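Next come two complexes, and both contain chain A; in the first it sits with chain B, in the second with chain C.
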Partner chain A sequence: MRLTQGTFSFLPDLTDEQITAQVQYCIDQGWAVNIEFTDDPHPRNTYWDMWGLPMFDIRDAAGVMGELASCRKVYGDRYIRISGFDASHGWESVRLSFIVNRPANEPGFALERQESDGRRVRYTTRSYATQLPEGERYS
Partner chain B sequence: MNAIDKRDRRDRYAAGVMKYQDMGYWQPDYVPKDTDVIAVFRITPQDGVDPIEAAAAVAGESSTATWTVVWTDRLTACDKYRAKAHRVEPVPGSPESWFAYIAYDIDLFEPGSIANLTASIIGNVFGFKPLKALRLEDMRLPVAYVKTFDGPPTGIVVERERLDKFGRPLLGATVKPKLGLSGRNYGRVVYEALKGGLDFTKDDENINSQPFMHWRDRFLYCMEAVNRAQAVTGEIKGTYLNVTAATMEDMYERAEFAKSIGSCIVMIDLVIGYTAIQSMSKWARRNDMVLHLHRAGHSTYTRQKSHGVSFRVIAKWMRLAGVDHIHAGTVVGKLEGDPATTKGYYDICREDFLPQRLENGIFFDQSFASLRKTMPVASGGIHAGQMHQLLDLFGDDVVLQFGGGTIGHPMGIQAGATANRVALEAMVLARNEGRDIVNEGPDILAAASRHCTPLRQALDVWKDVTFNYTSTDAPDFVPTASVAG
Partner chain C sequence: MAATLMAISPDAADVAPAAPGAAPGAAPGAVDLRADFEASGLPEIFDQLDQEMVGLAPIKRRLREIAALLLVDRARQRFGLAVGAPTLHMSFTGNPGTGKTTLALKMAAILHRLGYVRRGHLVTVTRDDLVGQYIGHTAPKTKEVLKRAAGGVLFIDEAYYLYRPENERDYGQESIEILLQVMENQRDDLVVILAGYADRMDRFFQANPGFRSRVAHHIDFPDYGEEELLEIGERQLEAMNYRLSPQAKAVFAQYIALRRGQPHFANGRSIRNALDRARLRQASRLFQRDDGPLSVDDLTVIEAEDILASRVFAGTPDSQVGEAPS
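Here is the complex of A and B:
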C-alpha cells in the first residue's frame, strides 16, 4: 500500500528540487520548518520523532535540505516528513506537512473488528510494521 | 442630546398615534456606542412613504415600539431601549430603496442567544405594511456580545490537527443518489470515495431516516466504510452523519449513537432552527465532535436582494451559534454565488477581524474576538477541471465537495475521488512553487493527468461544463474610494 498522509502523497514522490521549493515556500511565509521521522505510521500517531528542533530562524531552504540529507542517512528506511509551523495568533499550528521519504516496502494496516452489542463493531487499525520492535520494522 | 429630550415629555406620551420618527426612533446625530449592535437594512417603502419614517418604523418595530403611544414606556429607561435609526442613504443604482442603519443597545439582547437576537431584529418588521420589502444586509456585532457565544466547537485549526491534514483544501463528496440507496449500498459509495482519496463523504440534507434506509443502518455501514478506508490508506477519514430529526430527543439519540460507533463528525441542517443548532453545538463541544451545517432552506430568504436576510448575516449568526462547517457557495458551481459577495461570506467564516469591504458586501468592521473559525464548504456542481479556480478563489481552508464530480466519473467512484485528489495536490504544489495557477491551471492539470489516468478521464468528461448565469445577489458597491465614506 501507499501511505497517503501528508499534502502531496497522491503525486509521484517529490524530487529534492520539488522539496526545496516547498520548503522555501514555508520559509517565505514565515513558518518554522520541522523534520520528523517514524517507523510507526498509524494515522493517530501524532508525535513522530523530531530531527532536532524546528528551524525557526533559517532563511534558506538549502539549510533544511542539508538537515534532511543527514536525517535520511540515519533514518532513510523510515518515513520522514517535513512540516511548516505557523506561530501567528489564531493559528499556532502546522500549516503544511508532507512526506519526503518512505520505506522501500509499505506493508500497510490490518483492520481488526470486535463484534459488540447490537450491531456495533469496535474497530482497531494495526500497522503490520509495528509487529516488530522499534528500529527493526523496515530494515 | 437625543430628540426626545428636546420636546415636552407630556406631548410625547399623550395617548394616540404619532410618527415613529417623532417618537425617538430617528436620531440622525446619534453616534453608536462600541457596545451597540448595529444593523443595516435595505428598505423599500411603499409609494409615498418617507424613507426616514420607514427607517424609524423599522427601528421602532424591531425594538420597543407598537403602533400607538403607550404610557407604560415611562416606567422604563425607554430612551436607552429604543433602537435608533441614525443614517439613511440611497442604494446606488436603485431609486426605490435605501440603506437604513439602526443601532440597538446591548441590553436589548439575551447573552448567547441567536433566537433572542433574531426575534428582535427579524421578528416582526418584515411583514410591516408601510414597507414593500425589507432586507437585513449586515450586522455589526459588538465584541461584548460576541464574547457571550461559545462559537465553533472545533474550529478550522483543531479540526485539521485532529484529521492530521494541512496545507490544502479538504475534499468531500455527497453520496448520490441522495435518496433511495439502502444502508449497505450507501456504505459502498462512502468506502469507494474515501479509499480513492477523499477526506470526507457526506449525507445529503434530506437523508434522515426513511423507509428505504433507517438511520442506524446507515450509520453502521458508513462507519464500516470509514474504518476500512482508514486502514487501506493510513489516513484519517470521516463521513458527516446527518442527525437532523423531528425532535431534539431524536437528534441527541442519533448523535450519541454516532459517537458510540466512533464517528468524528456529525451534521445538521439549517432548517432545524437556531435553538436546535446551538443545542447541537453544545453537544458537539462536550463530545469532541466536528459539527457540519448544511444550509438547507436558506435560499428562500437569502437570494433576492430586495427582501429577506443576506447570507452574510446568517454566516455571522452561525459562527456565533457554533458550527464547524457551513456551506458558503462555490461561485463556479451550479448554485447562486457572485464571486465578490461569496468572498464576503468566506471572510466572515475564517477571519478574526474583518474590515469594512463594501465591494464584498461587508458594511462594518467586525471583530470575532478569537472565536474559533468556521470551515466554509463549497458544494454543488464543481469538478476537477475547475481546481485552479477553486484554489485561487477559496485558498486552503475550505472543504471542496465534489458529489457528481466524484460519483459520476466514467471509471467509478474511486477513480473520481483519485482524480480530484491528484488535481488538488498538483495545484497546491504548483501554487506553492510560485506558479500562476489561474492562467496555467489547465496546463498544470494536463501535466498531472499524464501520471493519473482517472484525472485525464475526468478532464475529458467535464471539460466543457460551466454554470454561467447572472447572479441575483451581487454587491451594490463597486470598489472605488469615494463610496466607502
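Here is the complex of A and C:
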C-alpha cells in the first residue's frame, strides 16, 4: 500500500529535478530545509530522525540535493522526507513536507479491533513493517 | 564575429560598426553578441567596476575577456556547436589590500549575470572554516562550506594556509582533496576562487599540482600607484561624507609616498586605516575647539594638521601592531 503523507503524496514520485525545484522554492521563501528519515510509516509517527542539521544558510538547492544523495546512500530503503520550516513570527512551523524516498515494498497497515468493556470496540492501525525490529523492516 | 567581439571592450564600442551578422533583427542563424551583452546586464556591472575600482586595468581587461568567452560559448551553444564546460575556477594573487575580495564579489555578480552560477552569492572562507581540529572533523566542515557555497562563488582567502607541509598530520590535505573533487565534479554548481600572496600561492600550487591544473584563470593584482592610492582615499572619504582640504590633499599625497616605503604597507587597507585615524584626530580637534557652534563644513573637512600629526611624518611606521599584512 502506497504511503500518502505530506504534500504531493498522491502524485507519482517526484523526480530529482522536481525535488530540486521544490527545495529551491523553500529556500527562496526563507524556510530552513530539513531532511528526515524513518522506517516506521505510522501516520502518528510525527518525529522522524533528522539527517544532519536543519539547513538554514543555504542559498541553492544543490547543497540540499547533495545531502539528500548521501542520505539515500545510507537509508535508501527507508522513507525520507524533506520539510521546509518557516521560522518567521506567527508561523514557526513546518510549511511544506513531502516524501522524496520510499521503500521498494510497502506492506501497508493492518486494522486491529480490540473488544473492550461492554460491546465497545477500539480500533487501531499497525504497519506490517513494524513487526520487525527497527533497521530490519525494509531490507 | 571578430568585430562584434571587439565591441565588448568599451573603447571600441563607438568605433566598431555592427558586423552585418549582428544587426538587430538579423536573419535566423546569426547571433548578435552585442545585444546579448546588453541583455545580460553586464554593461552596468562593468561600468560600476570602472567607477568604483581605481586602476587595476589588466584585471578589468581580463574580466572582459572572460565575459566575452562566456558569451561566445553561449552563442555557440545556440547553434549546437560543441562547447566544453568552461572551467571558471580562478586564483587571485597580489599583495594585501589590492582589491581581491572586492573583485571576487564582482566576479560572483558577473558569473551570475552570465548564468554560470545560479545565485551569485559569495561565500568567503579561510582555513579555519574548512579545516577541522581533530580526525573526522574536517570532511563535514568542508562539506558544510561547499553546501553553503553551492550555486555561488566560494572565495578561499589565503588559500596557501590550507597546505602545511611542515606538519604531516595536518588536516588541510583532507580539505584540499575534497575541494579538488568538488571543483572537478560539480563545476556547474560552484566556482572556487583562491586568493593569497603571489609567492606563497606559487609554492602552494607547486605542492598541489592538482589545484594548478584545475584553476583556469590566474589573475595577478598589481600594487597601486601613488595617484591611484590618493584617488582611493578620496573616494573612501566621499563615501563617508568627508573631504580633504586642498592643503590636506597635498599632505596626504606626501603621506602616501612616505607610507609606501615603510613595512607592512597594505595598499587600499592602509589608506583606509590612515583616513580612519585622520577622522579620529579631526574629531578630537573639533571637540577641543571652543569658538562657537560648528558648521557642516567643519564637520566634513579634514585639515592638513589632522594628517600631519601622523607618526609617518616622524619617520616611524604609523602603526606597529595594527597593520600586520593580512
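Just so we're on the same page, the second predicted complex is superposed on the first by the 135 of 139 C-alpha atoms of A that agree within 3 Å, B and C clash if a C-alpha of one lies under 4 Å from a C-alpha of the other, contacts with A are read in each partner's own complex, and residues count from 1 in each chain.
Basically, contacts are C-beta pairs under 8 Å (C-beta built on N, C-alpha and C of every residue); 3 or more make two chains touch, one makes a residue touch a chain.
Keep in mind that this is a model prediction, so the values were computed, not measured.
Model built by superposing both complexes on chain A: chain B and chain C fit together without a clash. By the document's definition of touching, of the two partners only chain B reaches A:5; chain C does not. Shared-chain residue A:60: touches chain C; no touch with chain B.
Looking at the superposition, the partner that touches the larger set of chain A residues, chain B or chain C, turns out to be B. When the two complexes are laid on top of each other via chain A, the two nearest Cα atoms from chain B and chain C are 16 angstrom apart.
Across the complex, chain B meets chain A through its residues 157, 160-161, 164, 166-168, 197, 216, 220, 223-224, 227-228, 230-236, 260-262, 352, 370, 373, 418, 421-422, 425-426, 428-429, 432-434, 448, 451-452.
Within the complex, the chain A residues that touch chain C are 55, 57-64, 66-67. Against chain A, the residues of chain C that register as touching in their complex are 118-119, 121, 143, 146-148, 150-152, 186, 189-190. On chain A, the positions that touch chain B within their shared complex are 1, 3-5, 7-12, 14, 18, 21-22, 25, 41-44, 46, 83-84, 89-98, 108-111, 119-123, 125.
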